[in-house]
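The chains carry the letters A, B, C and D, assigned in the order they are written, with residues numbered from 1 in each.
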C-alpha cells in the first residue's frame, strides 16, 4: 500500500509541471468537495457582527466578511456546490451530446443536417448570453444554472462526436465490421466509440473548466445560486463592493480558489490529451 | 464451376448540380471457384468501386451480381492501407475476431490458427495495431478476412503501401493461402506485374468501362487494346515506350457515344470520337473494346 | 583521349543524427560519401527508412534544425556548404540546386495560384519587371509541357491533376536554371502512364540544360531506366554503388541482390519472388555494425562488430565483408 | 460577390430562424408564467389573466408564434418594465458602447494572439512558446470578472493609474455627441483629442480584461496550425526553392492558415460578446450587457429576450462577414453550408 502510494508520488513527480499540478489539485478539489463542509473551522453561514471585516489572521486565515463570516470556511465549503453544479452540467451535456452526435454522425443525410443546424443555432449565440437568457427564464435556482450550462456545453460534445463518427464511418475497420454483418448500433457502440473515449475525456475536462466559469459567472450577476449559500461567484460579487474601501480579502480568496479550480481542469485536459494519445503508448 | 457472375454492373455517384460520376459502366465478368482475376486501371478507373459493390458495401445502380455460395460471409475484403483498416482501439486478436461475424464474437483457437497461417506470431495478438510493423498489419488484415473462411477474397491494392521486400512476402502469402484453401481472388491493383504473378485473368478498366478482359498471359504478351498497350509500355523497366499523351477525360457525365480513350489514343480516328466501341470477343474468353483492333 | 568530367558535388563522411536516437548513439545517415559530376545522372534507391530523403535534404540545404549534420567535406561547385546555416546557401538553394518532391499536390501551396508560386521563385533568382516576369512564368510552364499555359497560371493546385501539379513542381525546381536537379520520389503515387511521362520530361529537361540529376526512388526498375550510376542505401548506410549494368546483372551486396529478387517484374512466377526477412533495424536500439547483418543470410560475427567500408573498383563499390561474386 | 453574399445570407437565415424559435420556446414553454412576469410582482390573478389576453397568450402556440414573428419584423421587442421605454430603443442606444468595447478587445486579442502563436511556432519549446502557453492557459482559467476586479484593485485603487471603473467617460468631460456612438470615432471626427484621451483611458482596463480572455484560443490555434503547416510539404518546397524565410513564413505558411485562424477569431468574438456582460458589470459600462443584468435582477423579461436576440443577430452578422473574408482568402472554401 505504502509502496503503491510512493510509486504514485514518484510518477507524479516525473510529470511535467502543469500535469503534476493538475493531478494533485484535482485530488485536493475532490477531497474538499467530499469532506470540506465537515472539517472547516467555522460554520460558513454563522454571522458574527462583532468580528466583521477582519483582515486575514491566524484565527481567520482568509479574514471575515461584512457579516463576520469566516471567508476560509465559506471558500472551502463552496467547493462542493461549485464542482457538483459543473459536474452535473458536464455529465448531462456529455451523455446527450454524445448520443445525438453519434446518431447524427452515423446516419448522415437529413438527420445529420437537422441536428447540425440545431447545434449551429445554439453555438451561434454568444454562449454566456444564452446561458443568461436560459437561467433567467428558468428562474433562480441551482437546477436552472445546471440546465443552462448543460445546454451551452452540449453542442461541443455533439459536434465532436458527430465529426469523429462520421470520419470513421468509412474507415476500413468499420467496413470490415459491416461485412461481418454486425448491426449498426453495435458497430457505433463497440467499434467506434472506444476510439472516442480519449478525446471525450479531454473535452470533458476542458468543459468542466468552462462549466465552473459559466456557473460562477451566472451567480456573479445574481442568477442561480442565492445568498447566503457560499458560492465562489457570489462571494466575489459580494466582495467587489468592499474593494474600494481597502478590504481586498473579501473578493480575492474566493476568486483565487475559483481560478485554481478552472486552472486544474484546463491543465488536466491538456495532460490527458498527452497521456491518452495512442501513438505515445508504443 | 462459376463462383461469381457479374453482368452489366453499373454504379453512379450523384454530385452537386445534378451531375453524375460514372464510376462503373456496364462491367461484366465471371470468376470460377479458386480462380484469380486481376482488376487493373489508373486511379479513378472504378476498380475499388467494383470491389465494394461485390462485397455489398455499396449498392449497384444496375446489373446483377450472382454468387454461388451458401454463407453470407463468403466474400471478404482486404483493405488498401492496413493501418487504417485495423481498429486502433482493439488488440490484433479482437481485430481478427471481427471477421468472425455477429454470432461468434470470439473463438481463440480459430483466431490463433488463422494468425499462424498468415505468419503472425501469437504474441503479437495482444498488441495494438500501431505497435506492429506495416507488414504485420497487412497480415492481420488478411487474417481478419480469412477467419470466416470466405470463398472469394477481394484484395484492394493490399501491398500498395508496403516496401518491395515486404510486398514480396505478402504476395507469396496470399498466393499460398489461395492454393491451400482454394479461395478465389479478385485482385485490385495498379501494378500489372503484380497482377501477372497473382492472377489467371485480367480485366483492364478505363474510366469505369472494360477496355480489355482475358487470360493474363495473352493480354500481357499481345495486348489488343491501345490503353492496355499504353499501360504495359509505361511500366518502368520497359525500354520501348508508347506514350499516351494528355489527360484522361472526366468521369463526370462522360460522352455516351465515344471511345473514352480517344483523346489519348495514338490510333484514334473520327469513328472513335463519335461511336462507342462494343466489347468484341477476340478468342475464347478474350475480349476488348476498340474500333481499330485489326489495325493495332 | 580521356576527358576528366568536372565535379559538381563532393561530400565526404556525412553523418546526420537526431535527438531521438541519442540513447543508442546511432546516426540516421551514417558515414556516407557521395559525389556527382556535372551532367551526370545518378539514382539513389532504398526502402522507406533508408535515409535517402534525408540525404537529399542535406544536399539541398533544407535539413530540419532538429537534425545534427556533420561532414568532413561538402563542396558544391567549389563552394563549401558543410555548415547548413552558412549564408553561402543563399544563391545555391533553389538556384543551383532544384528539388522535385513526391506528392505534388501537397507540395504546392493550396491557397496560391500556381502561376504566382512559380513567379515567386523566378523573381527570387532573376530581376525581372512585371511584364517580363509574366512571360517568364508562361515560358516555364511551356517548358514543362503544360497545355494552355495562359489558362493554367491562374489555377490553384486542387484544380489540377496530380501529373499537372508535378509539372508545376518541376517548373519551380527549374526556375533558377540549376546545375543539379534532385527528384525525391518525384513519381511515387502517380499512375504509371503519368509516371512515364514525368520521367521522360525530367530526362529531356536535364539533358537539354546539361544538369546533373539525382533521382531518388524506392523503385529499382525506375532507377534502372533513368540513371547511369546507382547507389543503394540501407538503414542510413550506402551498401553498394555501381554502374546500372553491373548492379542489375551482378549485384555484389546481398541487400541489392535481395531487392532485385523481391521485385515482381523480375519474377516469372510468385514462387520466384522472395521477400527480405525482418525490417529496417530500429535505430533507437543498438544495431549491428553492418546494419544489414540482422537480415542477411551470409552474416557472421565480423558483420556484427565491424563496419564494412565502401570499397572496390569505381564502377562496382560495395560495403560488405561477404560480397557475392 | 453579390451572389456570394446573398447565398451566404441565405445560409445564415435558418440559424436566425432557429434563434427566434428557441427564444420563443424559452419564453413560452419553460416553467414560469410570462403573463405573471409582464403583469408585475404586485399583480392579482385577475390582472394576470388580463395581461395574458392582452399579450395573446390565450391563443394557440402557432398563432402566438406568428404574432411574435410579426412583432419582430416590425421591430417590436416589447417594452421594458423598469425603464418604461421600448426595448428596441433601449438596446439601440446602448449597442455602440458594447460594440466599441468588444471589437477593440477582439482586435487586441487577435493581434496579440496571432503574433504570439506565430512566434511560438517558430521554436516549439522555446521561451516564446512557454509564454504562449502560460498566457493562453491563464487567459482561459482566470474568470473575466475576477481579472477585471483585480486590475481595478491594482491599477485604480492601489496605483491610481487608471480612472474609476464607472462607465465610458469621466464626468469631467462632456459626452461626445457624434453620429456613430463609437466615442473613439466621434471624438476623432470632432477633433476633440482631449476627450479622446479620456475615452481611451476609460477603455483600457475593460478592453485588456476582455482581450485576455480571447488571446488564448487565437494563440493556440495559430501556434498549432503554424507548427503543422511549417512541417508541410509545400513549405519544404518553398524553402528548397530558395525563397527568403520571411516570404516562406508569411506568404506561404501564414497565408494558408488564415482561414482556421479567422474562424477562431469568429469563435472568440462569440465568447467576448458573452463575457462582455460580466465586464460591463465590473466596469459600470453602460452597454447592453449591463442592461441585461439590470433586467435579470428586476425579472424584466422583455429586455432579456431582446438582448439575447440582438446578441444572436450581431453574431450571425459578424460571422457572415468572417465567412466572406474566408471565401476571399482560401479558394478551397466552397459553399458547403
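Here are a few things to note about the model shown:
Just so we're on the same page, a residue touches a chain if its C-beta (ideal position, glycine included) is under 8 Å from a C-beta of that chain, and two chains touch if they have at least 3 such contacts.
Everything quoted here is computed from the prediction, not taken from an experiment.
The interface carrying the most C-beta pairs in contact is the one between chains A-D. Between chain C and chain D the centroid-to-centroid distance comes to 53 Å (mean Cα coordinates, whole Å). If each chain is reduced to the centroid of its CA atoms, chain A and chain D end up 23 Å from each other.
Centre-to-centre, using mean CA coordinates, chain B is 55 Å away from chain D.
Taken as a graph of touching chains, this assembly is arranged as a ring, one closed cycle with exactly two partners per chain. Under the contact rule stated at the top, the pairs of chains that touch are A-B, A-D, B-C, C-D. In the complex of the two chains, the chain A residues touching chain B come out as 171-173, 175-183, 186, 191, 194-195, 197, 278-279, 281-282. Those residues of chain C lying in contact with chain B across their complex are 47-48, 147, 161, 163-164, 191-197, 199-200, 218-222, 224-225, 258-259, 261-265, 267, 269-271, 273-276, 279.
Remark: chain C residues 60-62, 90-95, 97-99, 101, 103, 106-112, 120-121, 124-125, 156, 158, 169, 172-173, 175-176 touch chain D in the complex. Across the interface of their complex, chain C is touched by residues 232-234, 236-244, 247, 251-252, 255-256, 258, 329-332 of chain D. Residues 18, 113, 117-118, 120-134, 136-139, 209, 213, 216-217, 220-223, 233, 236-237, 240, 243-244, 246, 248, 251-252, 255, 258-259, 262-263, 266-267, 270 of chain A touch chain D in their complex.
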